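Heads up, the thing below is written out as structure tokens.
Chain naming follows the written order as A, B, C and D, and within any one chain the residues start at number 1.
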Amino acid sequence: MKYKVQDTDEIVDGEILEKLSQNEYKIKIKDNEYVVKILNMDSNIMEFVLNNEFHSVRYVDSQTSEMNFIVDGSSMSVNMNSHLDDIVYKNSGGSDSGAGQSTLRSQIPGKVVSINAGEGSEVKKGDTVCTLESMKMQVAVKAQKDGIVKGIKIKEGNSVNKNDIIAEIE
Amino acid sequence: MKYKVQDTDEIVDGEILEKLSQNEYKIKIKDNEYVVKILNMDSNIMEFVLNNEFHSVRYVDSQTSEMNFIVDGSSMSVNMNSHLDDIVYKNSGGSDSGAGQSTLRSQIPGKVVSINAGEGSEVKKGDTVCTLESMKMQVAVKAQKDGIVKGIKIKEGNSVNKNDIIAEIE
Amino acid sequence: MIEKVLIANRGEIALRVMKTCKALGIKTVAVYSDEDVNSLHVKTADESYYIGEAAPAKSYLNQEKILDVMLSSGTDAVHPGYGFLSENDDFARLCEKNKINFIGPSADSMNLCGDKMRCKAAMLDANVPTVPGSPGLVKDADEAEKIANDIGYPVLLKSVYGGGGRGIRLVTNDKELQEGFETVTSESIAAVGKSAIIVEKFLEKTRHIEYQMCRDKHGNTVHLFERECSIQRRNQKLIEQTPSPVVDEAKREEIGELVVKAAQAVDYTNLGTAEFLRADSGEFYFIEINARLQVEHPISEMVSGLDFVKLQLDIANGETLPFKQSDLKMNGYAIECRINAEDTFLDFAPSTGPVPYVTIPSGPSVRCDTYLYPGCTVSPFYDSLMAKLCTWGKTFDESRLRMLSALDDFDIQGVETSIPLYKTILNSEEYKTGNLSTDFLKRFEMIERLEKDLIQDRKDKQIPAIASAIMHSEFYKSKVQSQNSRNQNWKNKMDSV
Amino acid sequence: MIEKVLIANRGEIALRVMKTCKALGIKTVAVYSDEDVNSLHVKTADESYYIGEAAPAKSYLNQEKILDVMLSSGTDAVHPGYGFLSENDDFARLCEKNKINFIGPSADSMNLCGDKMRCKAAMLDANVPTVPGSPGLVKDADEAEKIANDIGYPVLLKSVYGGGGRGIRLVTNDKELQEGFETVTSESIAAVGKSAIIVEKFLEKTRHIEYQMCRDKHGNTVHLFERECSIQRRNQKLIEQTPSPVVDEAKREEIGELVVKAAQAVDYTNLGTAEFLRADSGEFYFIEINARLQVEHPISEMVSGLDFVKLQLDIANGETLPFKQSDLKMNGYAIECRINAEDTFLDFAPSTGPVPYVTIPSGPSVRCDTYLYPGCTVSPFYDSLMAKLCTWGKTFDESRLRMLSALDDFDIQGVETSIPLYKTILNSEEYKTGNLSTDFLKRFEMIERLEKDLIQDRKDKQIPAIASAIMHSEFYKSKVQSQNSRNQNWKNKMDSV
């Protein structure tokens, strides 16, 4: 799963590696491993010790992609998604199935944050063409094949809908 | 209903006179009327204002005849019974139905606290012959008819069972 | 002797007054509105009387109703707290008439304190300096110009009928004054049909410094030192401290003598506060008397060792002050933070509602006066002050560090609070070095700094936040699984019927 | 400089130490056993490490395990609190070896303080009076008689191998002594196969008065006044106060000078306590040194204005004391009540279990150090002290009345507490007038008086109790009715299927 904490820029990988005991888990965030020991947990609160540091969390409101909670007294939100970049990439044709197409389309609705490969740039398959912001997360739209970026249809700050054309890669 | 509070001697009448509103009741204890305003109530706690005094009660354990609770921080118990004296009196023959019998029997099990009308005393119907302690309440056993007390079968401090003979009244 | 006191108030101050009464064996009587049925003051008093609907006018300001309770409950004194009826001289007079000991100044003295113009005149008579300006209304621009030249520019021209920024103008020379006089006059006439102008010196970077006055019914008068209350929002105090960083022993005594004169000038009895503006140049100007116990009295209690409510009761009982000015010594440093239910980022808009859980800070030299308890409600009908958090220290920095730690321990769920702002302020160099003024928040962009602090705080919590999200998902997954298996069981049962 | 402190303790003292560390920006490390997974000290520390099973020997007394945590967490100092390892010189030495700053005296000094005989000898050398008696073992009855005549009857003959009332005898003249010597000898031989007897003066109606010692690593030594801790049960303190009602300024100085000598005699560093017995005649006799911070330190903090944990940290850091004896002044009066989980009527047997709800008292000059929170548990594995309730007052009576009020506000559900006993004591004339001694409880039949107070209290609550019973029955009646109607609905539904 990918996570993005409010006010930070990075999208971070996080997962449970192992259940160590009834109340203990080994988890991985970025490339570091942590031990989480749950002291109390219900649908509203969780108290846990993370690598020997106590934390208290109250869940205010959680939806599929965004959780709002109070961590040690600080109100904050975390966006999460199952490897959004990859899904987008895959659906864009980045996976083998669609590698032949020349039209790069957005697989998600979002706002264009930046254009990373401008008109006429040479890109390799998997290079980021532009970055969208969607569900408060920044998602890279990557080239589905090697080629030259042509006919860019988007502008920074614009919104795009799902399936809108981003550019042609020829 | 009759009530006896731990460490007090008297048995006191108490009843609800009237429900004044959703949360307000007029009650009578001894011969005084009080207004009870319930602020919070569930099976464990009750907070109420009794004639403008706030009280907080936590119920520890309550059986049919004895309630244990903590009233404003003080742990105490209250015994209660539905007009025990009257029931006993009635069953002893105090009511019209049994007025002819000469044998006075105990209608409840209990310990003899005192003998109020000794051997040879003259009693009127309703006079107390002896006092029993039962369920931590003192219950008067009253003469079922006018007469002379004879053949007392009990002693102070003894226990009596239900239906045991107390005396003959002739 | 006072034996039963009705507290004509609610919230933390009602509880505060009851604490001293309880320790002294004085019976307390609470009053409450519909909104306060579950409030702590109702549960804490010896007797509690319902006095009406939530709106203050229907309950806590209802003089007749409160008088009825006093008479029927056999109350012999009333403590008005602050706000509500505390500075209402009609109420004080009503109590006097009904032989109920009003714990505060006499109705006459209160009336005089409440009339800004008469009070200012009394101070001038007593040689207590007030903000320089016209002694009353000026008749025309030329008189205003003469006064402006006497007191020196810049000055404010104010219509006494103005308000909200209208009918007021800052002018820096004669030309601006002549023009401004006309503008203010016409603005005021346009708005309310009349105009009446006063001239007042405009003071920049002022500090709000106040003195605790104390006077018994026999005329013995002392001050109980100063408090600096410069950190404000919309003219309401947020953080107070004592001593003031700009008042040394000599200055304390100098202004203290003025305070004694001020109390005498209005024949003040009981505890009260003389408020001053201190100009950046160091001059002190009397502004007004608060004829009641003040919100921030605990910090003065901490440095004086006195129980102010006890002192109020003793004075109301006609006792003679048990000390002279020379007996009184300040001990250490104290700070108060007013913990308000408000959203700093929504221009301090009130934030109300249930508080399912709260942790009250405690510890060495920490005091928290509050009405909060787990499960209570912050009502929209009354002011936003939920708690007064006070800390004492042998040094200023000790009290400041204890406050920061206590603020961190204060966990209030369900409503927005001013706590994060106070952390930013107390950590700032400007606060640490005592660089205070009534425009502190704006001058040092504290709200912008708070925003940055909060962002940094969230960044610092990235790892625990993600861990929380991971574990929460795991929790739900296992819950859904166990529900599915329950449903399965249930289904099996149904099939077997 | 100490930057990270491990607190090798639990409960209220762990929290107390953390409060000062937090305010000073020092990181804290907690350790916890299985029993303390949900304890506040675990939640409050910056880091928390699990160290083993509930039994102290498996966790809080496990030196190696705690050392492991200190080394792996990068801790540079350890605060031992009181109890557990606080007076274990092996542990202090282990810390010294591992370059961890042990916040307390050196291992050598601690060892000397812990050896009663050597410590007594050191005091005699320094001319600090100890309880009169034989300097060591006596060889026969005649030597014992000689000593008894020197110090005066009555005396105690004690076998150092005795205990529990065996091998100890009170004798009042030579004849009783000669007989008693034989009895004690034979009792001791019968019990443990050997005998070794000392003679000690028997003191009646003694008071327990102790002095706070304070000494930095440069030899600067002061005392921080006395505490009277005479109200005890089974030799354990219940209520402490400062100043002592029998110590005036001259006496304070006189004994204070002895205390400074005592600290020097054992080369004590950091904070500690010199305990004295005060005979009814007014003589003070040194008994022992407690080489640690004491439970009752908050009352000394209240009258001195000093933060003792900060002082300990500063001394451990090698700093020089920032004051001389002449700078220190007592301010006011303070009382501590130790709120124990125990049943007064079952010979103070521990009362343990979950505490579903608790209200912590607060208010002007009230301080409550506690580990309690709603939903916590009082564990049978550790001592019964749940909270230390302390109040300060400008006068003794003010602190006493505040204590009574705070005791009344302290609501602890689920366990029996010593609070009712304290109310009876603090209301007694004997306590009010300072007629204290270590047999106070027995001498004034306090437990019998408590029983009477409780009976009276129940009588006073007759009416609300009956009202509660009436309303409870009503509540159940209406519940049963609504359940019946629910069942009815359910039945109807079933019928319609």
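By definition in this document, a residue touches a chain if its C-beta (ideal position, glycine included) is under 8 Å from a C-beta of that chain, and two chains touch if they have at least 3 such contacts.
Source: prediction; values computed, not measured.
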item	value
Furthest chain, CA centroid comparison against chain D	A
Pair joined by more contacting C-beta pairs (A-C or A-D)	A-C
CA centroid of chain A to CA centroid of chain C, Å	48
Geometric centre distance via CA averages, chain B-chain A, whole Å	74
Between chain B and chain C, centroid-to-centroid distance (C-alpha), Å	56
Residue list for chain A, restricted to those that touch at least two other chains	53
Chain C residues counted as touching two or more neighbouring chains	408
Footprint of chain D on chain C - complex, ascending	16, 19-20, 22-25, 298, 301, 305-307, 310, 331-332, 359-360, 362-369, 373-374, 394, 398, 401-402, 404-405, 408
In the complex with chain C, residue positions of chain B that touch it	37, 39-40, 47, 49, 52-54, 56
Parts of chain A lying in touch with chain C, wherever the complex brings them together	1, 3, 5-8, 12, 14-16, 25, 27, 29, 34, 36, 38, 41, 43, 46, 48, 50, 53, 55, 57-59, 62, 67, 69-74, 76, 78, 80
Residues on chain C engaged by chain B in the complex (per definition of touch)	37-38, 42-50, 73
Footprint of chain B on chain D - complex, ascending	408, 411, 413, 454-455, 457-459, 461-475, 479
